[in-house]
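The two complexes that follow have chain A in common; it is paired with chain B in the first and with chain C in the second.
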Partner chain A sequence: MDVFLQQALNGLTLGSIYGLVALGLTLVYGILHVPNFAHGALYMVGAYVSYFIMVEHGLNYWVAMAGAGVVVAVLSVLCERLVFHPLRHAPPIHDKIAAIGILLFLEAVVQMHWGADFRRMPTPYTEIFHFGSLTLPAQRLLIIVGAFSLMGALHLYLKKTMTGSTIIAMAQNREGAFLVGIDANRVAMMTFAIAGFLAAVGATLFAPINLVYPAMGHLVIMKAFVIIILGGMGSIPGAIVGGLIIGFAEALGGYYLSGTYKDLIAFVLLVAILSIKPTGLFTKGVR
Partner chain B sequence: MKLTRTFRRLAVASAVALTLGGVAQAEEVTIGFTGPLSGGAALYGENTVEGLRMAATEINEAGGFDVDGENYTIKIEALDDKYSPSQAAVNGKRLVQQYKAPIIFTPHSGGTFALQAFNERDGFLVMSYTSVPAVTAKGNKLTVKIPPNFTDYLVPFAKITMDRFGKNMAVANATHDYAKYWTKEFVPVWRKMGGEVVATNPMDYNKSADYYTGVSKVLAEKPDVMFVGGASEPTGLVVRQARELGFKGGFVIMDQAKIDEVAKVSGGLESLEGSVGVVPLADYNTPGAERFVKLWTEKHDGVATSETAYHYFAMYLLMHAMQEAGSVDDPAAIRAAIPEALKDVDPKHNPYDVTAITDDGNLGAEPQIAEVKDGKVVIRETRDYKE
Partner chain C sequence: MDRVMNFLASPAMKIVLLAAGILFPLVASSEYQIYVMALAFVWAIAVYGLNIITGYCGQLNLAHGGFFAIGAYAVGLLTVDYGWPFWPAFIAAGVIGAVLGFLVGIVSLRLKEHYFAIFTLCVGFIIYLLIEKWEELTHGTLGVISIAPPEGFGLVDFTETIPFYYLVLFFLVLAIWLISRISRSLVGRTFLAIRISDDLAQSLGINLMRNKVLAFVLSTTYAGLAGALLAGVVRFIGPDLAEITHTFDVITYLLVGGIGTLMGPLVGTLLITWITQAVQSFEEYRMIVFGPLLVVLVIFMPRGIVGTFLTWRGRRLASKAPAKQSASRVENKNSEEAGTHG
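Showing the complex of A and B:
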């Protein structure tokens, strides 16, 4: 039982990070209608900005997280303004190519400035809690709590505020949104900002238990793609539930079945779920 | 994603080509390199090629070198293969045909095997940085293997950790080819010495976001010793997470990971108490090693690694071999001149005191071993731990 709980905790940690990244991806999907390949690069940049603020400038972890959130949100908006907005009348393939371009560009810039080294970002929370035979380092607890509070906050924002509702309206029906007078530019920028912010905060939460390096985004973005397909493209609850499913599948599957095949388990799940619900778990008319 | 990869490869290749392009001079020897310069293993690849560049820069700044009355400078042409053997083969063809490189370095066994498929026919010398013995065991006449065989480490590693901690070992190293070779050779040695393997759970060190699951799985079998290793930093994470989960035993660290780099991630040398691994360059006390570490820290951040030092040495060795052979484009003659050239290499360019090469092309010196004892690195000689 303890073993099961330990693995469930691991799954929850992983799942909440995957969920955060997938949330940003799914929100942007609502605007772009193509997966934003550059999202993993934004995640990576977020980790580097935190590293820069915290390790190279010696500031507080929370300051670093806020700083990274703001910087990446701005960067994300810039991507929208300078790249995706001018392409809004182009065929979707152009968006995809542009996104790959941004990905390459950001990775190259980071590798040029910081090099390809693996870097380690320390955490101020180094305690390790023991509950019976359960081990829970403080940083992992922080990841779970942090991720779920953010998800909660995002939910309230989207459901309870006017600007939040406009984002949902745009995702559900673009023409309809225009008809009721929603400013598409504003919503698009807002969405990219939120997505960038989520990616940066997710990266800052996760970096202390992992490493910071230019290719770190690939790992998470691949999972995030699976998650939004699993959960339904553009669906917010889908991203959260999908994240948890993949997290748990990796942790429990990795323990009880085989560590070698844990990625396979995630994809088998994907195939199984898609053959029962081809549009994903939570699709509601969003293309 | 296929598209992404192709694009990245193109971008990196062209970036590398641009930076290295420079102005061509008349008397220039091009030394080829194919290795991972992007992706998860980029750091390792950069470290290896940096060793070549450091030596080449020194040689060129000192006015080049003379072969048969002609003065030459060295140009390093480095191509990215992202650790893929097939890409290494493509790069190899390009380096020979387009850049006329008589010598190609590659820092991985997969790339070496790929190049060996055509190096004797196309006429270039493969300088292989891998400790897989099979690289030179196949009788390829134009292959030089730079580091020692990893099999030299097996018995001492097993003996030291088994005596100190116990007979139950868990295998938790990485899943790439090299790690598999290690497991295949190490497990029988461990068993032959009376040990038992209680858990086997290799993990993908490049693709895992987290090792808690894998590590707790092997720890559930209560091992005394954990066999870990892949790139240094992920290995550090595995060690760290094992300690967090309450593991008190020792680690056998595969030679790919370097103890000093692992310690930076795992939480200092204390977290590595009872580990055995290869000796960090900084702890080698040859004049060459000391000089090299100083040279490295002048221009770079981070720790000087053995792969950089070995490549630095290999570049000098080849320069002397070309001089001895009286040729810069006859790989067979250059290869044949290596035993003589070894005598010419200045000790300050030879951090590991390599003095001999076997007939099949094995350069390796007799390696030393590092054990972490009471929070310090203690050096052991391999010859003290024979079966």
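Showing the complex of A and C:
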């Protein structure tokens, strides 16, 4: 039982990070209907910016997190302006390929500057808490608390503020949003900024218990895609629930089934789900 | 000017290209150049495969590099671990590519657009993970070394670069010939109809699933055979072959040359291979240029070199005959069709 709880706790940590990344992805999908393959690269850039600020410039962890959030948000908005906006009327295959182009570019730039080595990012919080027989390192606690407070803040922002409501409105009905005078450009830029910010903060939270390297975004972004398909593309609660499902499945499956193949679990789940229900688990409406 | 254009689009051009391919080893300044060219041809075959499902049929398949790796591993493992000669292993690689393509196809092609792209991205990753982790079968990260070269039955020695070059050239010509036959046939036109609109094609009575699966199986067979040839020429393969960057390389070649055109895959592959060769040190950081290049291409030149050339030529021909409105319209239509046949 203790082992189970311990693994569940690990699953919660993983799930909160996956949820944060998937949230950004699902927001962008809701607005532009673009599967942003470059999102994983933004996550990776976020980790490197934090590493740069914190390790190479010796600044505070929180300053690094904020800095990474801002830098990646700006980068994300630039992608929207320079790439996705000009392609808004193009066939769907084009913006997918363009997103891949951005991904390749960002990875190559990071690799040129920092090289392909794995880097370790220290955390200022090294205590380990004990609850009975459970152990919980402070960084994991920080991840869980941080991720869920961000999700809460995002929820409040979307529901309680005017600019937040414009994002929801546009995701629900594009034409309707135009009719009531919502500025599509502003909403798109806002959405990309939020998505970039969430990815960077997620990366900064996760980096200390993981490693920082140019390909670190690959697995995370693919799992985020699995999550938003699971939760319905464009659905915000779906992204959070899906993130937790994948997090738990991986932690428990990795322990009880096979540690070597734990990265496969998410994809096998996806294949299984889509084989049975091609539109995803929680989607409404028809294809 | 017009003469040059007409010549470039005429059947004679294909003979000139073929002759150039045959004469290349005679004019190449080193054996290394011939080797690079042979490798480029191998990749071009894989790009032709992707062109069937993505260019003609309009479904972005992101597992293509994975199927390429499966073909290479099929030959590598069958010859090294099971003692098969090259040619049976080569055929087996094609069959394995087709069978796996069929299995993945019947599941993934029920999905549309983004779902299909994401699904195949995941399939590609599963292939990579399996190749890397399933050590008992694939030797894991060590890779497969000293793969058997193709047997020449005492006539030719395919471990030499030049005979192998001609072997690959033969398969490339065969691949292009087959595609040109397919794209002109009813099946090819059916693929085009599906690319233009799923719903429209379905209302014409086209069986979407059957045709998409057919296109997908064709493309994975191409990928498998191309991978098998690569294993025969390089004779060392590792799990990095299944990495997603190779799929992206193939997409870049296809897009630069011209997606959905007959000669586009060849033009794109050769051009980029030789540009990359020209700046050797650049190899590792090629994505710094390729990434933005992909973006710029899809924004400003989505039809690639060959596609843009054909559109431009079509416009010129149309404006040449403004007096005969109806005639020019017919011509315009023809050149549009030419755009799909190249």
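In this text, the second predicted complex is superposed on the first by the 260 of 287 C-alpha atoms of A that agree within 3 Å, B and C clash if a C-alpha of one lies under 4 Å from a C-alpha of the other, contacts with A are read in each partner's own complex, and residues count from 1 in each chain.
Just so we're on the same page, a contact is a pair of C-beta atoms (placed from the backbone, for glycine too) under 8 Å apart; a residue touches a chain by one contact, two chains touch by 3 or more.
Just so we're clear, the structure is a prediction, and the values are computed from it rather than from any experiment.
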{"item": "Partner chain(s) touched by A:14 [first = chain B, second = chain C, both, neither]", "value": "first"}
{"item": "Partner chain in contact with A:111 - chain B first, chain C second, else both or neither", "value": "both"}
{"item": "Contacts of A:250 with chain B and chain C, given as first, second, both or neither", "value": "first"}
{"item": "First (chain B), second (chain C), both or neither touched by A:87", "value": "second"}
{"item": "Contacts of A:100 with chain B and chain C, given as first, second, both or neither", "value": "both"}
{"item": "Which of chain B and chain C A:262 touches, first, second, both or neither", "value": "first"}
{"item": "Which of chain B and chain C A:134 touches, first, second, both or neither", "value": "neither"}
{"item": "Partner chain(s) touched by A:210 [first = chain B, second = chain C, both, neither]", "value": "first"}
{"item": "Partner chain in contact with A:6 - chain B first, chain C second, else both or neither", "value": "first"}
{"item": "Set of chain A residues, in rising order, touched by both chain B and chain C", "value": "37, 100, 103-104, 107-108, 111, 219, 222, 260, 263"}
{"item": "Contact footprint of chain B on chain A as seen in their complex", "value": "3, 6-7, 10, 13-14, 17, 37, 100, 103-104, 107-108, 111, 115-118, 120, 128, 135, 137, 206, 209-211, 213-215, 219-220, 222-223, 250-251, 254-255, 259-260, 262-263"}
{"item": "For the chain B and chain A complex, residues of the former touching the latter", "value": "1, 3-4, 7-8, 11, 15, 38-40, 42-43, 46, 175, 201-204, 207-210, 212-214, 216-217, 220, 231-234, 236-237, 244-246, 264-265, 301-302"}
{"item": "Residues of chain A touching chain C in the complex", "value": "29, 33, 35, 37, 82-83, 86-87, 90-98, 100-109, 111-112, 218-219, 222, 225-226, 229, 233, 260-261, 263-264, 267-268, 270-271, 274-275, 278-280, 287"}
{"item": "Residue ranges of chain C touching chain A (in the complex, touch as defined)", "value": "54, 58, 60, 107-108, 110-115, 117-119, 121-123, 125-126, 129-130, 133, 244-245, 248, 251, 255, 284-288, 290-295, 298-299, 302"}
